[in-house]
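Presented below are the structures under discussion, each in the form of structure tokens.
First chain A sits with chain B, and in the next complex the same chain sits with chain C.
Entry: the complex of A and B
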């Protein structure tokens, strides 16, 4: 849920990168972190295992600047993708204003993508949130891998994008698609906020 | 100690609490990690990271409690070599908040616990009713601002 402070004209929004294990959620945040000037970002916090798998979440605070007269801040989170971290995913998802679903484009990962998307819907429902009301963007990551190993964005869209939300092919390791994804989810979140989404209004 | 709050009714009870317990740092946050008040932090972006971590500790402590005892653990204490922290929820008419208090040898856990209960009562008493929410009216036609800011962040030409 966004925090809107009318006194100081500040808005803070929470965006969660969701998806199966090793799909590239943390890589998205690392790329963003590497691109953004120091004075516009906070410390990136990663609660990871010794092998750098996300254990709880990654967190990156971003200062987007002034939008429509409001100082706008985004808090970017990732969830752990592995199936057995269900509880922590639910905790991180709490209060999300928007979700980026990072799918792994590798053909053999299609089942994991579908399962993770179902898991997202189930976790939102458990929190009393209608998944259809939450701003969602799909990112088809790893499109840089050899063609014979991956599914095209069209094929992935046919399976995953039944809500016809914005979708982007990406190579989060090198950057293509990362910016476009963040821009799209930002726009959806701000649009929803401007049309009366639940928020803590101060 | 400088205190920054998003609502004025928080300030007086929080200031009194921090003075009473000689706290070094403090955060009042929503359980989802949104900051409502901070004291002692110098960089705003560090506040956001601390809030995310505090919300995580609170959430995991609660969930762990529910799993092993059937009810959430309330009030977590960690002691380091020179600093200690106390993290606990409090409830007001505006909802449940989480308070993180960082203190050193000039205070004690007993003192913090004692005054935390007082803080919870003071905030519950000071909290005004939840206002009827209005949408952020000026938040329209934002696309140009959004594009300009994101382009600046990523050091690229604006997306049209």
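Entry: the complex of A and C
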């Protein structure tokens, strides 16, 4: 997807929230959805199971209005975290301009986080994309849980952030860290794509 | 009822409020009778029910051989009554039973027509059984149509019932843009957005608002701008809510500003400048080919500045050409070439051709030159104004209105100004016309239906000089045209000069709007030549006739007053002609003898005239010197 289209004067970015199941990707989108004025957001499409788990994917279009003469639109997607939705994850990941990896801070979920991150890299590789070239930020969600249940951002960083990308502790349910994450990934994406680097193949 | 061919799916603007209805209508049109049968659409008035229904009809007729019948329920009822009255109810039924797709508009009027209801029920049953399509519209859902047979309601509700809501902001914008395109109008930036913000309940109201704006823009001198929209729409907009301009706050706002600064940093500056220029010129209604080509290039142009300057210059030239074509041939004014810098050359050619084809208005007569015009006390004000006009046309003394008795040189001065203006007054011919000719031309243009062309000839003039303007008094149409020509030229800074035998305020039958315009410039009188001027005039004309005047001769000739220059020319001619006949040189004595032939005879005639005057003009005498009338009146009957 072409991010900056000078002919139509449009900037469009696709940002995918990736992470293990129940780490709070959809919650991130819900919080953003709640903060965006009505006229700036499209309908949030959420295909969820009866137990509110993301079955297919969530999609939140955001209209940022005209910035520097460009109609700027963000499309936020989440992938289903459950291991068995591999195909859907690949599909959603196609053409992503940036990825937010939402990690679950709970200590017992560390293994799942690592597995999911490896899965991300595998899926990118599958699409012929060098994971190092894709804008990525990490979010350590659920930092509001009791200290004894979770790992600190530092500990999580030691395990997950081997590429030293921007990382944010967050509480997606109540908001802290959500927009910081979105802003960081947006800046990375815009910076990278305006320099002319091609987006991932669709 | 025939189906309006312009009501098609591709002319229907789809928005969130009507998406379902459109999808259903398309499905029905693609495969009539196969899905959603009957299709029942309801909405408030003016939201597109009839459009969608006609779109179904149009598409079915285009893509299949099925017969399509569109009726309003009212027509249906009328036809049924007629058929029953004429005993042809069977024919009526048959007709409707034959159709492939039956479209019934305004079904809500079923209320209170039991016989129509049962007839419809029969038709429905047959059509549905045969798998033929029914589409109905109403202003309310079937269950809310009062007094309708329950069996009919269940059938109406048996297919798909969809409603159409009021258009949202995006839909309103799309409709407005489509309508503007359809009608070929363009508004200044932000105007359409401003209209779109008003929450019109239906598309007709929206269209009414747009019509008002179009009319306002067409009439108004100034361009319509966004802030003016509210005042133009006035009552139309007041009753409705309006979407407040977007305000954002909190986390989203700071996110937004962060993104904005990143975008600003990283979008290539030159592309940004170009895209801003493109957005601007597009909103102004110009094609932006050269800019678009540059922006689509991977490499930046050598100089963005010069590219933009070049483009600006092309547009400026196009604007000038558009102004010229407007005057030369208004029918070409809407030509695409005048909006496309890539077609500048074509636009130039169009103007050139149009100018060649337009006959020039009459110009000043070369015989009347400024050098041939004698100045004196009696006309120096007018002459000074004339000289000022020739040196800087259109800036001072516009219009110049010269008035004075016949023969004092108004026409000469007017033509002299005209000759001076040729070349000095800018592009276009100098029109110098007697008002009588102006009127006659207008009349024949009216007869031939070429008023546009006639008008444009004068509007294209670099200056207009109208002689004997008193002749337009009382001629309403001429005055109206003159008024418009006046305004057009005046607005362009073109010089206007008028000559008349009376000052404007004494011209009866002249419309106030013209009078005030005439008086708005400089009104100067030209009087009968004074003594010094008479001397100079005699000297000039005698010399022209080959006689070298002496001072004594001129002194004698200039002594008696002369009403006009023409009188002086006449005397000079007479003297020279008499001298030629008598074969003697022109001397003071000869002139005296010629002008005062016999002094004694002259004085005798004068004495007789005085005597007659004193006799006839004395009232008392005329009565008292009659023979005693009283005695005669009494005596004669005896």
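As a working rule, the second predicted complex is superposed on the first by the 194 of 202 C-alpha atoms of A that agree within 3 Å, B and C clash if a C-alpha of one lies under 4 Å from a C-alpha of the other, contacts with A are read in each partner's own complex, and residues count from 1 in each chain.
Heads up, the rule we're going with is that a residue touches a chain if its C-beta (ideal position, glycine included) is under 8 Å from a C-beta of that chain, and two chains touch if they have at least 3 such contacts.
If you're wondering where the values come from, they're calculated on a predicted model, not measured in any experiment.
Placing chain B and chain C on a common chain A by superposition gives a clash between them.
After overlaying the two complexes on the shared chain, residue contacts for A:73 are found with chain B alone; chain C is out of touch. When the two structures are aligned on the shared chain, A:108 is found in touch with neither chain B nor chain C.
By the touch criterion defined above, A:179 lies against chain B and chain C together after alignment on the C-alpha atoms of chain A. When the two structures are aligned on the shared chain, A:35 is found in touch with chain B and with chain C.
Taking chain A as the reference, the larger set of touched residues comes from B, when chain B and chain C are compared. With both structures placed on the common chain, the touch criterion links A:59 to chain B but leaves chain C unconnected.
In the superposition on chain A, A:14 makes contact with chain B only, while chain C stays out of contact range. Once the two complexes are laid over each other on the shared chain, residue contacts for A:187 go to chain B and to chain C alike. In the superposed pair of complexes, A:91 makes contact with chain B only, with no contact to chain C. Comparing the two complexes, residues 4, 6-7, 11, 35-37, 40, 64-65, 67-70, 72, 179, 182-183, 186-187, 190, 194-195 of chain A contact chain B in one case and chain C in the other. Those residues of chain B lying in contact with chain A across their complex are 6-8, 30-35, 43-46, 48-49, 52-53, 56, 59-60, 63, 131, 133-136, 138-143, 145-150, 152-156, 159. Within the complex, the chain A residues that touch chain C are 4, 6-7, 9, 11, 32, 35-37, 39-40, 64-65, 67-70, 72, 175, 178-179, 182-183, 186-187, 190-191, 194-195.
For chain C in complex with chain A, the touching residues are 169, 243, 246-248, 250-252, 254-256, 258-260, 262-268, 271-272, 274-276, 278-279, 292, 295-296. Within the complex formed with chain B, the chain A residues making contact are 1, 3-8, 10-12, 14, 35-37, 40-43, 45, 47, 56-57, 59, 61-70, 72-73, 75, 77, 87-88, 91-92, 94-95, 179-180, 182-183, 186-187, 190, 193-196, 198-202.
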